[in-house]
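Pasting the structures in now, so scroll down.
One chain, chain A, appears in both complexes that follow, with chain B as partner in the first and chain C in the second.
Moving on to the complex of A and B:
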């Protein structure tokens, strides 16, 4: 999309907007331009009364500036609007004008501004430059979570008809097929067969992927992007379930660990995923749901499912506590620590000896569930050598792809490259020659970005490979004969 | 003017301050804590969560870890503020005898008053210098300047004025006000029998500016001591992880 020019002449980059036909599929009716500002204020009023986290983010900031140097988006672009406090200020100024005493009385003096189309256009630019990584929330002395502001901003924009094409298309697929990649059952089975053949070549025996198998104990929910981009992660998970002899299945009705609803539209898209999850659980007799690799996805399932699971979505009886939701990493580590998995790090198909793997901690896994140590436990046991970057764990910087701002148009793609700057510096300084990141959005960002930033192995020519964590685990599992029992 | 500031305004100020704080906090509780959106560390129990919040508040831990230069301004500033606030209450109420009353066998009355004067002066100067540094920082560091509104500077200037006048009264004998005069005046206010303001222009200004600060307190970012409690209440809370171990597998935990 060409740059958007505001009425004062400034140019901003924005993601491509969804066409009307796509918005209909998302149940979004575009509000006419002249009504948008007034409507946005009404939505803001709704959200401030709905979520305490938003009200506090609006009213609690003291502008200390601690968060500024901590946001990879600001570090990469040096655009002052990408300072977390300034990003939140795009909304806070309007909030002040309409919902606070000081803003109504003193206006500009306290930084309050009217809601206009320009403000909304800026929102659409800068709320889609935030990756909702929550590093700012982690460092803020008050714990102000700018991600909450971004989310509310995006939801308001969404309701007004500012829908980015990428998130819109993926979300429409959620309504129609239950996953963001638009995979049909036939395509899923097809991919599985292909992967089973591949594993037969590597391992010498077939490992099947059960699909929609009734009376399964475990529902494995991979990220649908794994089918298109990260086949190794699927193979890793299949090998793990085969190894432990699980009665597991994959549901074609609910094939999405990721959750664009969390990122853009919690009211309907995220609810739809929650509904599909509980329906699959009921239909297939599931006792435990294991989620595959996806950072923001896990945050959504861990933190939001309980509230979003209400009678209307799940029907009576299917509640959070009855069927536990976990992620695959934690299950793997529990078994590893109990000494039940035999791994051979020296004999890993994906990481031959001489490979130095560095681990990029996906923000949402480490800042929503502190899984840094869990990842490391798996990784150190699966690959020959690890070289850490700095900082790591919950202090890690985002890769810049978070919240699926994975736009391809030249303007936004350029920004993506800049958002990755900090990460590229970190990887380079680590001295590793292979990247591991257990998040499908991270992977989708890394694949092109290692090329753009020319992150190479020692020879200076080969671009660094990128893999998930379960990929390495699967390849390091030692099967005795066919079944490990 | 002296009549209004000394006898009427204080009651208005206190009413607006308390009413304003209550109103503002009530507003914060309209929205509910919808999702358990916690941030590391993930304490496993409520006491651990509360301990973390308290630690954050007394040490400014995040500022210390992520913005050391700011910490060297902000933390001493707030400590001085706390000391001076406490000192005003105790010093004026006990006429500077607070240390003597606390440790009668160790500190004489005379020493207590000297200590009270000394600490008041020292913290007053720390407060002033730290505020100046914060103002400088807001102006000089670009990333902080761009996120600042005019009111952010005005808050600092107002505090500087209050502290500057206070320090001046401490340091310049002719401008100073004795504890007993202040106590007499305050006692009048508290017993709803207001006495006239002491005849000291600096005290008048000091007292007026403090009231202005208290008046805007509930309607500005000065509310942040409450804000930190309410916000951390959302993001620092315990979480119980579902038990590990997969049902129906041949290899089990």
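Moving on to the complex of A and C:
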């Protein structure tokens, strides 16, 4: 999309907007331009009352500036509006104008601004440059989570009709086919057969993927894009479940752990997926749900399922049974620690000896749930050698694609390259020649970005390979024929 | 919604140039779409990939897994990128008349 020019002449980059046809599929009615500012203020009023964390972010900031140097978006672009405090200020100034006494009385004198279309256009630019990684929230001495501001900003924009095409198209697929990738049952079964054949070539025996199998104990929910790009992750999970002899299944009704609703529209898209989850659980008699490698998905399921199950999601005819929701990495570690899995890191198909793997910590896994140690326990047991980047765990930087800002129009793509700068420096300094990241959005960002930043192995020519964590685990499992436990 | 002229016809495309109605796709349209994706002419190798994607799409409703595309056509991923510089998900799918892939891609 060409740059958007504001009334004062400044140019800003924005993601492509959804076209009318897509908006209809999402049941979003665009508010006419002249009514947008007033509607936005009403929505802001709703969200400040609905979410205390937003009010805290609006009232609390003292502009100490700690967050500036912690944000990969600011470090990569040096755009002052990408400083987390300044980005939140785009909303804070409006909040001040309408919801504080000094702002209402003195307006500009105290830094308050009127809500105008220019403000909204700026929101649409900068709230879709923020990747909701929450590294700024992690360091903030006041505990202000700027991600909450981005989230509220995006939801207000969505309600007004500022819908980005990428998130919109994926969300429309959720309503139509039940998953972001638009996978159909035919495609799921076909992909499984293909992977089963592939594993037979590698392992010498067939590992089947059960689909929609009634009376299963475990529902495995793979990550988005596993069916298009990340074949090894899907194979790794299948090998793990086969190894432990689980009675597991994949549901074509609730296929993907990803939840784009968290990122743009929690009111309808996220609820739709929560409903689908509980329907599948009731339908298939599931006792435990295991989620695949998906960063934002895990945050959505772990933190939001409870509160989004507040009305009849189970539907008529079903009793709603609550079952544990866990993550595949935690499952693996629990079994590894119990000594149930035999791994041979020296004999890993994906990481032959001489491979030095570096682990990129997906933001939502390490800052919404402290899984840094869990990842490392799996990785150190699966690959021959690890070379850590710096910093790691909850202090690690975002890849720059977080919250699916994976736009590929030239303007936004250039920004993506800049957002990745910090990560590229980290990877280069680590001295590794293979990247591991257990998140589909991170993978989708890494695949093109390792090329753009020319991250190569020692020979200086080969582009670094990128894999998930369960990929390595699956390849390191030592099978002696079929089921082991 | 943008309309562009391809192979002498007015065709509805989205902002990234993916055709909106997969039904209207034919060989002439594919040849007209190719130059937009840095493919000057469609050779036999290109057609092999495009036909496989098209056939899979009509059967299942989505694009095939990249790994499967490579295996079924016998090309490595690198060769596919040489054939379609903008990549299999964007370039090849667009030429094969599929809607844009969604999700974390």
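Note that the second predicted complex is superposed on the first by the 476 of 485 C-alpha atoms of A that agree within 3 Å, B and C clash if a C-alpha of one lies under 4 Å from a C-alpha of the other, contacts with A are read in each partner's own complex, and residues count from 1 in each chain.
Just so it is clear, contacts are C-beta pairs under 8 Å (C-beta built on N, C-alpha and C of every residue); 3 or more make two chains touch, one makes a residue touch a chain.
This is a predicted model, so every value here is computed, not measured.
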Q. Should the pairing of chain B and chain C on chain A count as a clash or a fit in the superposition?
A. fit
Q) Of the partners chain B and chain C, which touch A:31 in the superposed model: first, second, both, neither? A) neither
(Q) Going by the contact rule set out at the top, does A:106 touch chain B (first), chain C (second), both, or neither? (A) first
(Q) Going by the contact rule set out at the top, does A:75 touch chain B (first), chain C (second), both, or neither? (A) neither
**Q.** Contacts of A:369 with chain B and chain C, given as first, second, both or neither
**A.** first
**Q.** Dominant toucher of chain A (residue count), chain B or chain C
**A.** B
Q: For A:408, decide between first (touching chain B), second (touching chain C), both and neither.
A: second
Q: Considering only the touch criterion stated at the top, classify A:169 as touching first (chain B), second (chain C), both, or neither.
A: second
Q) How many degrees apart are chain B and chain C as seen from chain A, counting from C-alpha centres and rounding to the nearest 10? A) 150
Q | Where chain B and chain C come nearest after superposition, their Cα distance in Å | A | 23
**Q.** Residues on chain A lying within both footprints (that of chain B and that of chain C)
**A.** none
Q: Sort out for me which residues of chain A touch chain C in the complex.
A: 1, 16-17, 19-21, 165-166, 169-170, 172-173, 179-184, 186-187, 190-191, 194, 198, 223-225, 227-229, 231, 256, 258, 294, 404, 406, 408-409, 440-441, 443-444
Q. Can you list the residues on chain B that touch chain A in the complex?
A. 24, 27-42, 56, 60-63, 65-67, 70, 74, 141, 143-144, 146-152, 154, 216, 219-221, 223-224, 227-228, 230-232, 234-236, 241-253
Q. For chain A, which residues are in contact with chain B within the complex?
A. 48-57, 59-66, 68-70, 74, 80, 83, 85-86, 89, 100-102, 106, 108-111, 134, 137-145, 148, 217-218, 243-247, 287-288, 290, 303-304, 306-307, 324-326, 330-331, 334-335, 338, 340-341, 366-370, 394, 483-485
Q: Flag every residue of chain C that touches chain A in the complex, lowest number first.
A: 1, 14-16, 20, 56, 59-68, 71, 89-90, 100-105
